[in-house]
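Paired with chain B in one complex and with chain C in the other, chain A is shared by the two complexes that follow.
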Partner chain A sequence: MSTLTTTPKGAARPKRGAPHHTRRVEPVYYLFLLPSLVLFTLAIPVPAIIGIFFSFTNSIGIGDWELVGLVNYVAAFSDPAIWQSYLFTFGFSLVTVLVVNVAAFLLAVGLTSRIRLKVSLRAVFVIPMVVSGIIIAYVFNFLFSNSLPAAGTSLGIPFLSTSLLANPDLAWVAIVAVTAWQAVPGALLIYIAGLLAIPGDVYEAAEIDGASRAQRLTRITLPLMAGYVVINVILGFKNFLNAYDIIVGLTNGGPGTSTRSVAMTIITGFNSGDYAYQMANATIFFVVAVLIAFLQLSVTRGRNTL
Partner chain B sequence: MRARATAGALGVALLAGLLTACGAGDGEAETVRFTFSKREAIPYMTKVVDDYNASQDDVRVELDTSGVDVVSASFVRGNPPDLMLANYNNEVARFVDRCTLSDLGDTRAASAIRTDLQPLMDQYGRCEGRTSALPYSVMAASVIYNKTIFAEHDLEVPRTWSELIKVADTLADEGVTPFYGTFKDDWTVAQGWFDYAVGGQVDTIDFFDRLAAEGSDVGPRSAASFEKDYTRPLEQMTQLAGYVNDDAPSRAYGDGNLAFAQGEAAMYLQGPWAFSEIAKTAPDLDLGTFPLPMTDDPADLKVRVNVDLAAIIPEGSQHQEAARDFLEHLYRPEVIEPYNESQLGYTPTTDAPPPSDPRLAGMTDYYDTGKVYQGASVLVPKTIPLTSYAQGIAFGEDVGTTMRTLDEDWARLAMRQ
Partner chain C sequence: MTTTLTTPPRSETSAPSGARGRARKPRERWNRPGTLVLVLCSVTVLLPLYVTLSMAFKSPAQAVDGNAFSLPAPLSVQGFVQAWQLTGFPVGLAMSLLVTAGTVAATILLAALASYAIMRNWERRMFRWSFFYLLGAMFIPFPVVALPQIQLTGRLGLDNPAGVVLLATMFQLSFSVLLFTAFLRSIPAELEESARIDGATTAQTFWRLVFPLLAPMSATVGIFAFLYAWNDFMMPSLIISDPALQTLPVRQQLFQTQFSNNYNVSFASYLMAMAPAIVAYLFTQRWVMQGVTQGAVKG
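Right after this comes the complex of A and B.
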């Protein structure tokens, strides 16, 4: 990733290992790898494989179980609640990625131009990143349920006078807004880093050629930033697919089931003795996530190095 | 290979250490780990345990107040507590269904329990030939009403559906909010609105028996289905939901307790647990309770109950006899009756007096004569998001559509279990 973020256009990649040794690697290096390899294996692949195994059983988490084959998968594919949670999660992720990146990009352009209080403003915009998601969600929950309706009532705006969270058709807008509020700083930092890496002489040359401000933004800044956009989109999308804490704090999946994400569906299964079934759902989600990762990589390959 | 041998040796060493640790105390007393996590009652139980430990030398009880999740995990690890007093619900019933709890049928405590409560216990799950759990505290819930507001408007407690509507209309006409709704918290919709509406006219024991018999055939053509049996009561529920405060969709349980304590509405669909919360704001508020009338026959009136605490002894416990000794102690009238009196619960033993709190008086006759039901919302396995569906209905979702979804969920669950 460091090569992605620091290689400006046209710069030749450093030729790695110029004097190419074919000497055997010192075995002690493998020893250094061992602790993290063991911990990683125990913490991630082993539980994942055990979990995938249990998705083919009728286990409820305790007691006896037996292998039931693909029953859980068949049931999951015909479960509208699961379909709805995928639909919601993907729709939410797409919209949020869009909102976060547009907002963060514009903010970054603003915060790298010649303005007053640049440094303190940057600090202010980064604050949401350091607050825990569940706290943000509870604070916004209060704002949406009490402050905003109160303001709407006194200003005579009927749209605002009822809680956004209580509207089954619009509750997702509130979730997008709060998630974006928390996610913008991360993307913002990457965009600022990218903008600062664009050499000033490109702009100078453009200015001499008579390019306007808008032209400089669309013809120079945007193309040079493409790599950063790709990174932010991939990282953001991956994070939003796992949406959990902010939704729990804001709507807890409601009103009704209109804002239940995939992660929430999986966890409710664990808490309510539907372990094997939601394990199957988790396995499906894992496969879907892997497919998306490959898709993103193949779409962006060759483009992210500019 | 060698690694495994080492690990094995280490395990044996640890186990030996544990055994000696246990054995050390064995000369005097056998230790019983007793799990109890109802926060409000921990001081009371601590005292019970201390008194019991001081009264004899054979058994030493250790109170463990870690919550339900920890207990579930301990079952998975094969190291369950020796005795539990826990909320009786579908999660605990899993242990019953899989026969992981020991038979309490031969205890003195078991013979003192009211027999008409057994069907309620069996509703959650059964292990053939065993009494897996004994009820310890039964909570009754119904409509809480503000007696002062009722008196001011010359209203009597309604005993039929039409009387209820008349009361609500009168209050609304005179500018009083009839019901306080807290629809933002989905469980309040399920516990109060949904369960009272259904329990007031559907025989839930019979309904769930018929539903279980249909299994994965539950649907538009089955003899029993949520769509067939619940649509009418839930249509009535939506009619009542028209009488709530305007901001009900954005009010939560805490907001509701505060508002009700301040006299902002006449009726509140909550359980006795709300009394202590309301009393924080208005300690002297004159409150009463009555079952929600859903039909025009007062004989149909019933109150919603739940087994707030049940006693169980896991089969995996190594201290069966000692745990039974303490269990008998817990069921002595001088322990169980003051407990329920202090927690506003009903004691499930045959000769126990009802709690004396006047706020519960409106429900006591119904409890004494067994006119009770368990909430439909807690009988449906939690993996079906019934509370969310109930909330959806309160928010205006179509009852018929929601019930068809519920039927499909039920059939799918039956298919894979």
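Right after this comes the complex of A and C.
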């Protein structure tokens, strides 16, 4: 490590007039940093590299294997099950992001306006954030398979009188609803912070100029909140792409495989003998995640002034 | 910037809304329809929690009658007794507490130490690169590396709660280092220099001066680590191979395969697994809301 400090670039620094840079790094700083670096490397990059390597083999997870080149990738790209899981995951994520942000924004506007019970209401709306996703999915599973059909039957609504979760075309609606139920608080807190940061005199000035309540919302609040919307959309989308717990609790990927997310598909490689194949899928998913991350960086760059 | 964002809610939550209303009455009118709409919306949050609570206290006969919204009559704790035994609640609770406490402590400690070393040696390439290296993991979600991690932890004897603590901490590290380094930038160097002049070593300066100053950010980092470790299903279910060592959320799977019609038992079990986090939140809600807002806006 000390070699770093004697490289030409390092040696050139003092000339630019920063004398303290010539000081040797105190060894204790390495002691502070190394545990994190070592454990982190072993826990994430090393498994990632191992996984990527095995995606080029025919390993079933144990025993002998040999290199097979791009066979797994070629197979993955022509596998309808994998295409379906990506289609489902992206579609579900887009819809959920939309639902969560519309709901959270409206709630935030309401919770920062002149209402009674403001503190208690805010506390209530944040509760879903502290509840375990799998457990609340089990609770909703009961409601969707028993209470909702019962209500649908007594109200005479045919499509609600059978369980939403057993319908391959509609099960995703239940998953969006429960995921949104849990994700709204996080977005809500960010929107409340944003709304409270808007100075009140902006609204007073608009009111004096005769702006209606709707005009104030669309002409002042929304433009000033654009940065917060971008952040919430990106954070949410990233989380929803990894959806697992709530889907396991609601449909476990069913009926059939109609609600199986990419994460769930990858995990099927654990016991099914598809280890190398699903590692190829995981590697593709990783590339997708990185692409989205770069998109995120390019969008949020310059918005650090939040 | 975070301070200006988080101060308003603090001042609002600390003052009872009634008192504030009286003070401002001449100028402001309460928005009654708005309040009503929000109260109605809050039903969507409270309804599933109410169902969990009422189902848990029902007798087995009432629990299967199909009405989820009725109040328990007669009140029965039989569900809790059975859930306690069926899920091995005491061991599950111990495992969940172990995983959560371990993840929270390890995340705060490792991230604070690493962030301090990085920020005080930012001009050194190794420390700067370490920062971006650790941050890079924000782009690697758990599903991507789950399969090799299951294999490795199995081979290293870490297919237990200790392995979950290690992995959960490492997945929290990127975000936590980001928060700590941002906060460290706002601590003036003069503070530390005066400690040094008094003869404190770097380690002493960190423990006695810097780490206490980091407390607000440690709370934020800790809250995120707590919520993740306490509630997560995916990682423990895949990493911990011995069912006897599973955490509480994973144990609830039992009611999907067996005992699936003993609703009073399953809901009593769900309630026991959810309650600690909800109760902890109700007592610390101001902190949690502040901490999460701070973390989200910074992150």
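What to note about this one:
Please note the rule applied: the second predicted complex is superposed on the first by the 266 of 306 C-alpha atoms of A that agree within 3 Å, B and C clash if a C-alpha of one lies under 4 Å from a C-alpha of the other, contacts with A are read in each partner's own complex, and residues count from 1 in each chain.
The rule is simple: a contact is a pair of C-beta atoms (placed from the backbone, for glycine too) under 8 Å apart; a residue touches a chain by one contact, two chains touch by 3 or more.
No experiment lies behind these values; they were computed from the predicted model shown.
Contacts of A:162 after superposition on the shared chain: chain B is touched, whereas chain C is not.
In the superposition on chain A, A:245 contacts chain C only, with no contact to chain B. In the superposed model, A:253 makes contact with chain B only, not with chain C.
By the document's definition of touching, of the two partners only chain B reaches A:80; chain C does not.
With both structures placed on the common chain, the touch criterion links A:263 to chain C but leaves chain B unconnected.
Touched residues of chain A, counted separately for chain B and chain C, are more numerous for C. Of the two partner chains placed by superposition, only chain C is touched by A:279; chain B is not.
Using the contact criterion defined above for the overlaid structures, shared-chain residue A:58 touches chain B, although it does not reach chain C.
Look at A:213: by the touch rule set out above, it reaches neither chain B nor chain C. Residue overlap on chain A between its contacts with chain B in one complex and with chain C in the other: 61, 146, 252, 269, 278.
Residue ranges of chain B in contact with chain A, taken from their complex: 72, 75-76, 90-91, 94-95, 98, 100, 183-184, 186, 247, 249-252, 381-383, 385, 388-389, 391-392, 395, 397, 405, 408-409, 412-413, 415-417.
Touching chain B in their complex are the following residues of chain A: 58, 60-64, 68, 71-72, 75, 78-81, 144-146, 149, 162-163, 165-166, 168, 252-258, 260, 268-269, 271-274, 277-278.
Within the complex formed with chain C, the residues of chain A that make contact are 1, 4-5, 7, 9-10, 13, 18, 21, 25-26, 28-30, 32-33, 35-37, 39-40, 43-48, 50-51, 54, 61, 107, 110-111, 113-119, 121-136, 138-140, 142-143, 146-147, 150, 181, 186, 189-190, 192-194, 196-197, 231, 235, 238, 241-242, 244-245, 248-249, 252, 262-263, 266-267, 269-270, 275, 278-279, 282-283, 285-286, 289-290, 293, 305-306.
Chain contact summary for the complex, chain C toward chain A: residues 1, 4-6, 8-9, 12-13, 16-17, 21, 28-32, 34-35, 37-39, 41-42, 44-46, 48-49, 51-52, 55, 66-69, 110-111, 113-114, 116-118, 120-121, 123-127, 130, 133-134, 137-152, 166-167, 169-171, 173, 177, 201-203, 206, 227, 230-234, 238, 249-250, 252, 255-256, 263, 266-267, 270, 273-274, 277-278, 280-282, 285, 288-289, 292-293, 296-297, 299.
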